[in-house]
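For clarity, chains are labelled A, B and C in written order, and residue numbers in each chain start from 1.
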């Protein structure tokens, strides 16, 4: 029943222990595992120092370990136990520090005292440790030994790209980010669901659209990718989706584009209102992942973020509590199912036009009851409504919205009319 | 007070006993009675077998009688008592049948056990009887004699058309159907109110619009008519109305066009909101009469259905209980009055433009109080508002909607301004 | 704190005793007092009898005194006590009249029995007195002596105009009327606040817009002014405001333009919703001052009326109770502040466009926190949102409405981005 969900969950489990960041070997080896499943993914390396729009690709960061010990040699915290313990992009350090100096380099989330927060300092060189507030409270010694075995050096930023060609150059875009250390919902769920969607799309005998997938580091990755592909993306993209936080079992949600009027908004809204009427639509004001860049002034691509419990909106977000227990095969399967419905709606989202004037005579084709008595028509009502609105002015999503019938149920009707040569589309 | 309503009711009473169908002598003789009142109506005959868009004109059906009798010669039901008793378009039959075989040919409406339902089988040859559920329950003999004296043969489909020319070729369209046997609201009310509206329009000294009226059989009739007149109708029609179920005294209602944005929608909505604020606006999803064809994909004419209690929405619909007691002179008069208001609104629905800049000085024309004190202005407020919005951007219906004042009350204001040469229109 | 308000209130106090009308020396001397503060105002005289669109400039009215006395010589009412006592535009009279004849020439507001109403008869020659209902009830003598020392003769209509040039010919327009006798809110508040706004605008080192100010008599004054300036105003005016009843401390309100869609509507709505969320927006149906003419058919200028308690809507309106106690420095200051905000919003209301693709890297400019942890972003959220919507599609007011942040708070953000060469505008 949740067959795909189980596979997705297993992949997430395999990736979970690796310490990833926006550059470095953790990202690289995680992407390699995904390439093991989808070998067609192309891997790109962009050198540190490359200018990408207003930004510069940073130095590459790698980390091998880190700890705080008492002078008696007792370990207070260790990177081996949880890779959130070292501040993301921390410079190396090895020295004895007073408690006061140490505390200036310690990050906690005091209102969630048991959890280790996820903190980074990509663009200013610092060293630092993250720990639970409770752990911080137990730092009572006067002096500690601190050690971070990291490197911050010229290297490169890594990303993966896959383009699955379709019948046309019109593109549907999927983007997810692989730069977070051991957190499950945010963000292994996105890369793992995206991997499953690639396999689904590869399995289709025919694709109307070309599909573009990227696995990038957040923010600097989308900026880097856009700096190399913007023109083509602006020319071809019809709809795009950032996949993020798609693994829990709470609500569904999405972040709208700036003016809430693109095909991406329309298809998500349409699919979710039938699939999960309690879904939440966030305005663009609530953006915080790569849809920030895709929707930025001058870029203006039609990209929504799709989530279950959205980043920033659930308590475990950016803490050690966002672990493999927070996500589930069921949760991942649900997101996968929504995106498959989205893809099917898009693939069938033509403007339909009846070929005959007036209603066709459905009866002679066995599509209409031959006895006319009140109460006999309900069964064919959906087909009649589809026929009425297949007047060249509405696409499939528009018809679905007008009729308040899911696209899933309209596709067989449309196919029957095509079979009988009653319908054209473009 | 209900003078027109009484005449309309009397005409309905005269037509009631005749057994009509979508073709045949019942339709023909009913139309002749109407032609007796409006001799200018032209009658057309379209041969069986004629192809009309996706459809074919069926054989002509005529019926002279029919009954079910016990072998003892007792009449169970007889066409003479109620012409709904024979299935519409039933083939002839005369034989002795077992109770079981008979029941396969008997139609009832079990949830309304006292009433005979109206059932037809136009496009598949069958024989059959309709009766009340109670009558069916009393069929306890093992064998019955059944007799239907009908014919189903090459002939023609009959319809009537009247075009009343006006100042322009722009057209207003009225359509009603005359194909139902003895049922009063659905559908003698429509043809009879339409007959009265023709007389009203003939009595006008001046008509801005050309008016097109048709008396047709439902569905196949509108398809046939459209197949012969579509191009001209698409070129000239500004608004159209199907008149159906306009004889009872319950609510008023109308069925919108597909996108609810045509002049037909606008004028009905405007007139009804002042005339009867509790009126019901049905979406195009609730269409079921000839507006189905007029609004179909590729035809796309601006036609609403106007009703009091709409077909499908009242309990007596398509049963023997839809009789002369269900309609009344008052009910018919009300519908007549609404349509006269609709016609007047349309005839006056120009875009108005004041000829002077700034407000005109109404005082010097005796149209404004000469004393200025708070409370003295209310009387001329409507005229001042009309003047403000007569800026060339709004038609009469638009101004009425903005000012929330019925068109009826704006027409004398408009006339006064025209008299004083302050206004132009186009 | 209410420094401007105090100056405005003092000016109103100085003007209060003068008896003004739509023509005559009262208007003239009031305008001279204002010219004493703003000497650049140009004064125009338009001769009686001049045709202005559908109207004619009336005779000039001047009044020196008037009273009703008993035959015993006791004064019943005297113009010296309150200049509302003589009907505006009353012809001269001096005779002995019966009580009955007198009462035909007496105007009261019976539902406000202590107050003298303000009544005029500009376009029909009459004599008359206004008094409180209580005063009228005390008229018990059989005969009275009545005296009105007025003149109604060929002369001219006076108005003042000031044009403050700006960087472009695009204009912002302010209009107020100076034709009311001793009433404070309606209408000394408008001319006095307008005088202060002129001083504010003169003090600006740079003005994007040209500002046009008029001090006119109501209705005939705006018609006269439009008859001489319409073409230029239609060509250049971007937004305009009638200032009326802007001196009390009750609500704020404005009267929309006809279609509620002009820059004047947008800026007032935007400023007031942040400044005073309980403000009232009246439809154009509630117009009654010069916005009637500015918004009339064929003129169609983008002019709203700005008020605190709107004319017609407060009990003291057009009575002797609309005195210097009804207005206050605080009340006048509030209106002044709103209009200064309106001017600042207009001056900054460009379409903004980010110069870089993707979000700029705010961090390297010290505009963004260098530590990324949940909860650290709120401070820069407004700037990020401004950047996102600075895509060339929105003006400043539009961005403010989308972000729900006052223009006042967006201007420093915009300035910071301009400083960093990240933004362009047009």
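In the analysis below, contacts are C-beta pairs under 8 Å (C-beta built on N, C-alpha and C of every residue); 3 or more make two chains touch, one makes a residue touch a chain.
As the structure is a computational prediction, the values presented were derived from the model and not from experiment.
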Residue-number overlap at the chain A/chain C interface, same or different (half cut): different
Rigid-body rotation angle, chain B and chain A, from Cα fit (steps of 5°): 120
Intercentroid distance (Cα basis), chain C paired with chain A, Å: 55
Residues of chain A touching at least two other chains: none
Footprint of chain A on chain C - complex, ascending: 353-354, 356-361, 363-364, 370-374, 377, 384-385, 387-392, 403
Of chain C, residues touching chain B in the complex: 53-55, 88, 107, 109, 117-124, 126, 222-223, 226-227, 230, 258, 284-285, 287-288, 292-293, 295-300, 312, 317-318
